[in-house]
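Just below is one structure, and these are the notes that go with it.
For reference, chains read A, B and C in written order, and residue numbers begin at 1 within each chain.
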Amino acid sequence: MNGRVRTLAAMGAREFARTPVLLALLVVLPVYVIGVFVLLVDDTAVPLTIDGSVVNAEMSAFAAAFMTPVTVAILAGIVGLFLMQSSQAADDRLRLAGYRAGELVTARFGLLVVGTLLVTAASLAVALTAVTPELLGWFVLATVLTGLTYGILGVVVGVVLDRLPGVYVMLFAPMVDVLMFQNPLATDPPTWTSALPGHYATELLFAATFTTSVDGTDAVAAGGYVLLLLVLGTGLLYRTTAVE
Amino acid sequence: MTALGRVGAGVRAGTQSFVREPFNVVLLLVLPALSIQIYGVSLAQFPAVGIFDAAGTLETTGRITGAVFATGALAGVLGLFQMISARHADRRLALCGFPDVELVVSRLLTIAVVGSVIAGVATVTLVAILGEPVSAAPLVFVGLGVAAAAYGLLGILVGTVLPRELEGSLVLVILADVDNVFASGLFGIDESITQFAPLSHPHELVTAAVVDGQLATEHLLPAGGHLLVFAVLSIAAYTYAVGGEPA
Amino acid sequence: MTADRSSPPEHSEQRAASDIVVAADSIAKTYDSRLPFTRSVEVLDGATLEVRRGEVVGIMGENGSGKSTLMQILAGALDADAGAVQRAGTVGWCPQEPRLYDRLTVDETFRLFGQAYGMDDDEVREARDWLTDVLDFEEFADRQVRHLSGGNRQKLNLSVALMHEPDLLLLDEPYTGFDWETFLAFWELTEQLRDRGVGVAIISHIINERDRFDVVYELHDGHLHRQEIGADDEPQSRPTEGQVDCERTTPFVDDDAGGGQRATGEGSR
C-alpha cells in the first residue's frame, strides 16, 4: 500500500469514526436485533433443514445464529452505502486533483473491510452468548462473507442509485434475501432462492453452527460471490471516478 | 387567514411535498405489491404446523404480514422525512406567526391524509393479490389505517430524535422489521410479549377482516392505546423541535 | 490592476497559442431528464472560450444560464456532449459547492489534497500557512469542515484550488460568504497570481467587478459573448463559435432563434 492510499484510507477511517451516531447504531442494533429474539423466543426445539438433513436445535440458539447474518447483512450494506454516498462529490474533486482511480478504489474497499469486520464483531459478541457453533471458525468466516457480500452490494447500489432509493434498497434487500428466504426452518424453499447473494454464506453458517461438517462448495461459492461482486464493484467505482 | 385556512394550507403543502418526490410515489405504488407477494411466497416455504400461530393459510398470513409491513414502513418514511425536511421550515413558519398548535395539527393531519392513501393502496393491492373474495375490505382498510397511523407517528418521533436520512431510515426499518416478525407469529413468541409490538394489533385486525370478515374488537383498545402513546410522544417531540415550547 | 487596459485588444491569431492555458471549443451540454414526460434542458450550445497565461477572465450570466456547468466541463469534472477542451499545465478548481469531506478537519483536508497534487509534507505545510494567513482562517485548522461557517468553508474551498499553485485557476463564485476584508484579500491574491502568469477564470455575479477582469464572457442561451474590458463597452453581439472571435450571422439577442437554439447551421463537433 503506497503512502497516498494510506493517507486516503486513514482519512476515510477518520471520517467514519466521526459519525458517532452511525457507529453507535452499528454496535447497538446487533444487540437489539439479536438480543431481543434470543431473550424472547420460547425454549423449545425446532427442526432445521440443513444440507438436506433435519437437525433439531434450541429455538434461542437458532434465533441467535439466524439473526446474526440478517443483522450483519443489513448493517454491512449500510456501511458500503455510506462509504459511497458520503464521499462521491468530494472523490471527484480528489480525482481531478491527482488521485488515481485505483488508489481511491483500494482505499474505499479497505475501509469497507474494516467496517464489515466491525459490525461482524458486534454481532458475534451478542450471538455467541446464546449459541455455541460446532465449528466456530467456519461460523465466523460465513458471517464475514455475508457481511462482505452485502457491503460490496451497498457500494454497488451507492454508485448506481440515488441517495434515498439506495438507502431503501439496502434496507429491504438483505431482509428479503436472508431473513425471508434463507431460513432453515423452511422445508420447501423455491429453487431460485439459491441464486440470492446470501444463500451460500448462510448455508455455510448454519452447517457450521448446527452440524460437525461443512460443505466446501458452500464456502467456495460464497467466496466466489464476494469476488464476483468485488469485480463488479471495482469496475463501477472505476467508471464513476473516471475523470479527464 | 383563518385557523382552518392555515391548517388546510399546511396539510396541502405537506401532502404535495410527499407526492412531488418521485421516489415516494414509486415506493407507494411498488412496495405494497412487492411486500405482499414476497411475504406470501416466503411464508409458504414453511411447514404448516409447529411454530406459527396462523389463522389462515400460511400464504394468506404471509400476504397480510406483507401488507401490514409495507403500510407501516411507508407511513414511517412519511413521518421521518416530514421531520427531516420540514423542521427548519416549520420553525421559520412558527417565527412568522403560524401558531404552534396549528402546525402540529397540520402535521398530524398530513400523516392522516397520506397515511389513508397508503392504507388505501395497500388494501386494494392486498385484496387484488389474495385472489379470494374478502368480505370485509373496509375493515382491512381500518386495520392498515391503524398501522399507518402508528408508524406515521413513530416516524415523526424517530425523525425528531435522529433527523438524518440514513440513520433515521435504518432505525425505522429495523424497528418495523423486528416489530413485524413479532406481529406475524414467526418464532412463536408469547402473545403477552408481542402485544406490545405496535404492528401486532393492526395485524390481528387485518387477519380477522380477511379470514373471518369481522372486526377484531378486542384489538381496538390496545391499538388505540399505542396510537395515544405515540401521539403524545411525537407531539411533544415535534413541538420541542419546532417551537421549543409545548403547543 | 496590472493589465494594461489602454492598449488595443489583440487579435487571438496574433497572440502565441502557447499562452493559452485552457481553450474550450464549441461545447454543447444537455441535461436529459431521467423521468418520462419531463423536459430535457439544453444548457450549453456551442460555447467557446479561451483563457491565457496572466489573464483574469470573468464568466457572467443569469442564474441557471449554465455557468457552473461550463466551469465543470473546463475543469474536467463533467463530460461535454460535444466540443473539445484543451488544457495546458496544472489546474486548480474551486467548485460552487465545496466538494470537500465534511468530517475531515481543515488541516487534514490540506494534507489529503496535498497528496493528490503530489506535494510533500513541507510543501503542504507551506501552502497551508500561506493560504490560511492570506485568507485569515488559521485558527480553524483543527475544525471539521461541517462545523465551519459558510465563509470559512469557502476559504478552504478556494485554498484547495490554490494550494499547488496551478497554471490555471477555475473559480465558481469563489467569494460567496466572504467578509469585506477577505474579499479584498482575494482580489489582491488574484492580482499576484496574474503577475505570476496564472490564467484565472472566475464566475461572478457582481456587475461592479467588471473592471477587475481582462476579458468578460457573457453566457446567454448557451452561447458565450466575449468582451475585452477597457477596449469596448458592450459584449460582442455575436457569440463565440469555433474560434473565440469568429464571425456569426445572428445577433446576440435573437428571439427568433429560440432558447438554446444554435444561431447558425453548423453542427456540433
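Operating definition for what follows: a contact is a pair of C-beta atoms (placed from the backbone, for glycine too) under 8 Å apart; a residue touches a chain by one contact, two chains touch by 3 or more.
Quick caveat, the model's predicted, so the values are computed rather than measured.
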item: Identifier of the chain whose CA centre is least distant from the whole-structure CA centre; value: A
item: Pair with more cross-chain C-beta pairs in contact, given A-B and A-C; value: A-B
item: For chain B paired with chain C, centre-to-centre distance based on mean C-alpha positions, whole Å; value: 49
item: Euclidean distance of C-alpha centroids - chain A vs chain B, Å; value: 28
item: Interchain centroid distance [CA atoms averaged], chain A/chain C, Å; value: 43
item: Complex contacts: residues of chain B adjacent to chain A; value: 23, 26-27, 38-39, 41-42, 44-47, 50-51, 77, 162, 164-167, 169-171, 173-174, 177-178, 181, 187-190, 193
item: Residues of chain A defined as touching chain C within the complex; value: 3-4, 7-8, 11, 14-15, 18-19, 86-87, 89-90, 92-94, 96-99, 243-244
item: Partner chain B, residues of chain A touching it in the complex; value: 21-22, 25, 29, 32-33, 36-37, 40-42, 44, 46-47, 59, 63, 74, 78, 81-82, 85, 162-165, 167-168, 171-172, 175-176, 179-181, 183, 185-190
item: Residues of chain C defined as touching chain A within the complex; value: 75-77, 85, 91, 93, 95, 97, 99-104, 108, 111-113, 115-118, 144, 160, 164
